[in-house]
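Following this line, the structures themselves.
The same chain A turns up in both complexes below, where it pairs with chain B and then with chain C.
Let's turn to the complex of A and B:
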């Protein structure tokens, strides 16, 4: 994936911007349950938060120039690991959650290490093939696995748990983005050969992004297992993966906030369009195409772009 | 000898791009590599920096064999290069470009970046200061916050050089540093190269501008069809009949 970013929009690496963004995200997350306790809204909001963890971690991987189609599989690994630990081993959810995340991260080493030896379309295909293998494995060995007894009984408790997990995740990912790691990672996307000849161990950066992203996906998976109760392999197949990609690309991969904008807006749009049934995905497809045509850098890059266009317009006026 | 090529060869299918090339680059000198188009100059650079593997021979840097290493490892040992088509991180500002290049000298670990420790912040501050100081010496300080992709050609060239220097390299390899520059800018580049040599750096460059090459280089190696046909001081090279023949062609007897 080669997201092109506006040339005169340097990524804001001043410290003020990330802290303001995190504060805004935290404020929104805390404010929502004060505004409504309606279980439908809480349900949608919880799904958005879980998807945010997935899209923000996917963006971390995309920032090095690689679109990992197996991201959803690591969510699945986290989900099945956590469900098995709780139901078969009998440990508590709190113990299962970190173990499941670490299992996802550990498996990311060999899988990422193998896939990242190729780039471009080959990488896309290898990760897609891998995700199908994992999905079939789930399908054949654990049909409709039960996620374990409900530790959390109300929608509000589930929301609060996911909110806490997401805020920690977002803080880590935003911190990473604005560190030297983030600087070098995006440099790799802009020119991996140049980075390599400047002494950057490109493979190691990509693998680090892959493993950290998979760790986050594993956390989201563990949460999913215990909030949804019943796991089915199609929860971790191509369809939800494509949705993650759509959210991320529409929001914009150039900024850590792109997936946040894309996920929130598109999930709400999806809920509003629910009456359309299978036309819903058609609308999503059209929105994706329009975004790629008119806002290839995603929604978050739009305000800056429009402002620039206005400035240019003024300066060109006779 | 900082850099030594021993019988280096590179074959692309049926084409012998570089054949049995041996040469040494002496420390703290400016060494030119010239030759007609297609002589294999850029291939030699790619072989030295590990961008493409060689098919025969070996390359040594400060006595250590570097052929077979990956480009990043070769850079770590002290060799950095520019590319013929100036390559930059186009979306980044001038200073960010230099900071990426300087990461070898001051790369903080993942953990310290996450903890945002005072030591991490101190390192970041020092890296920025060093970057800005480097930009100052190349007359780019005023452009530190400009996006690299929007710079005019000469500033892009200067930035590419700044990035190579930011890696802390001892041997700097430049692919056509003068290409597309105006006379005044060429003179500035020449004086920058001379200053680098005074500071103890070694420069190896490919350049088509003969006047610039002859003016700045201590030693010149001439390639033609992947073979070394001459080596010497600029004065010797200019008088060498084989070189004149390679560039101008030889008169057909009886034509």
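Let's turn to the complex of A and C:
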């Protein structure tokens, strides 16, 4: 057996649950515009879908045990690449989208390759340093960059575009999770020394997760450039990055569906709290702290944990 | 270019760098004892700035007394944060890191709500300039740098000779072995976190008259502190001092040739160069 090669599903692993999950996600995405055409709801839903692409791909990287604080920078690289290709080179958005994603993935090789030489706290700080370099670079060379003329003009068209991009992304990421790659990633997360001694090329797996995650971030960035039209370096700074971390971690990084739960719930909560201004980040901060203290594995791990506790409770009852 | 100009640029760079070393020492002390990266460290610096604003600029206490008060008050806030939150996260670096992001939000939002979002100016405690050997430095900068150096020396003496300081170093080496030797881990953790925060608070108090006080003031020094400890090696106190001197000289010399935005990129380029050669920093362990 060659553990470091091949993406075929390991034998005996049920694919029913992930397919049901994807079907549910697709049904929700298709149903929303049937329920409402209100531009505010479509706008929020589009943002959720874009953030889902980002958090699900961030979680792919976390699934190998590493929290990449530069994830938002690859979204930025995709956004700036797409904007430059459309406005300076003059190609269409459809051609710019894949090129921007590939540019983000190609840059992920050297950056990921350098950062992944270290682990743990060193890794957060190094990726954070990279994200600041990238942000300062954008800030110095392109103050406010125009994202290009809109090919998709209505909110519904933008929603449909992002929905299509997300469903493809989600299908790929869920497939990856339930392949040999997902199994090895989870082995690495639980102890990369052990995985290494069993013959897994840990660095290659981590780099693959880094590059694939950055490719998805690049796609999200190209969409962002197209839909927001004006790019500013602070769109790719620490603040939006922290939001991605919050969404991903509160949902839970143990399952592909964790970031989905976290992103949807926290975005809706954020919209409801928007009236509160400064209290919004106060509430978010408190929720984040309490979640990490009481449910460090995230919301999706809670039902299983409660069930276990109840079972233990029954067995201990007189 | 004259030698004087170079020395002047280095001096300007070192002046502020000593204060950032103070912030970095707090960060690295907390990391070495608790294995926690406190991203909210800049918010303790901000707290020190506000204490200085209210006690010095509004109430009118003596500058050095205010500084002492800011150090104590922020240290106490650090002890509270450790007892309420971080003691449950000792050694859980990833979870603690995320919690500190939450704390950053809570502290920033609280500051915006209670102090307002606008900058508050703190008057200079010292005016005038000193000229010597063809160099010019403002008295204020001189006092700030010297106070930072005094605090760094005090920290060194505390960790080197005092009983709690030695307990901290023991815990940094091996918490279990320290506990077996009778070190009160809970007490040392709380004290270490408090002292780390107190250093940030002192730095905030020192720089409050140099820059204005605002809820977001912690972002710049904490980024500098992170650069310093990545260069020097996390958890290494001498590394933080050397990293600070290196960053100060690079930024000071860089400011002769380029604008302030480009100088900020320079610090990160030094980080990347150091990491290419030594991934764990100059003084980082194996």
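Here, the second predicted complex is superposed on the first by the 305 of 318 C-alpha atoms of A that agree within 3 Å, B and C clash if a C-alpha of one lies under 4 Å from a C-alpha of the other, contacts with A are read in each partner's own complex, and residues count from 1 in each chain.
The rule is short, and it goes like this: contacts are C-beta pairs under 8 Å (C-beta built on N, C-alpha and C of every residue); 3 or more make two chains touch, one makes a residue touch a chain.
On a predicted model such as this, the values are computed, not experimentally measured, just so you know.
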Quiz item: Is A:128 in contact with chain B, with chain C, with both, or with neither (first, second, both, neither)?
Solution: second
Exercise. Scan A:199 for contacts with chain B and chain C and give back first, second, both or neither.
Key: first
Exercise. Classify the contacts of A:89 with the two partner chains as first (chain B alone), second (chain C alone), both, or neither.
Key: neither
Quiz item: Which partner does A:230 contact after superposing on A: first (chain B), second (chain C), both, neither?
Solution: neither
Exercise. For A:285, decide between first (touching chain B), second (touching chain C), both and neither.
Key: second
Quiz item: First (chain B), second (chain C), both or neither: which does A:175 touch?
Solution: first
Quiz item: A:24 contacts which: chain B (first), chain C (second), both, neither?
Solution: neither
Quiz item: Residues of chain A touching chain C in their complex?
Solution: 67, 114, 117-118, 120-122, 124-126, 128-130, 132-133, 136-137, 139-140, 238, 242, 245-246, 249, 278-282, 284-289, 292-293, 296
Quiz item: Where on chain B does chain A make contact in their complex?
Solution: 49, 51, 70-72, 75-76, 80-81, 83, 87-93, 96, 99-101, 103-104, 107-108, 110, 113-114, 116, 124, 145, 147, 149-150, 163-164, 167
Practice problem: State the interface residues of chain C toward chain A in the complex, per the touch definition above. | Solution: 31, 35, 37, 85, 88-89, 92-95, 97-99, 101-106, 108-110, 112-113, 219, 223, 226-227, 229-230, 234, 261-262, 264-265, 268-269, 271-272, 275-276, 279-280, 284
Quiz prompt | chain B partner contacts - residues on chain A that touch it in the complex | solution = 5, 7-11, 13, 172, 175-176, 179-181, 183-184, 186-187, 190-191, 193-202, 208, 254
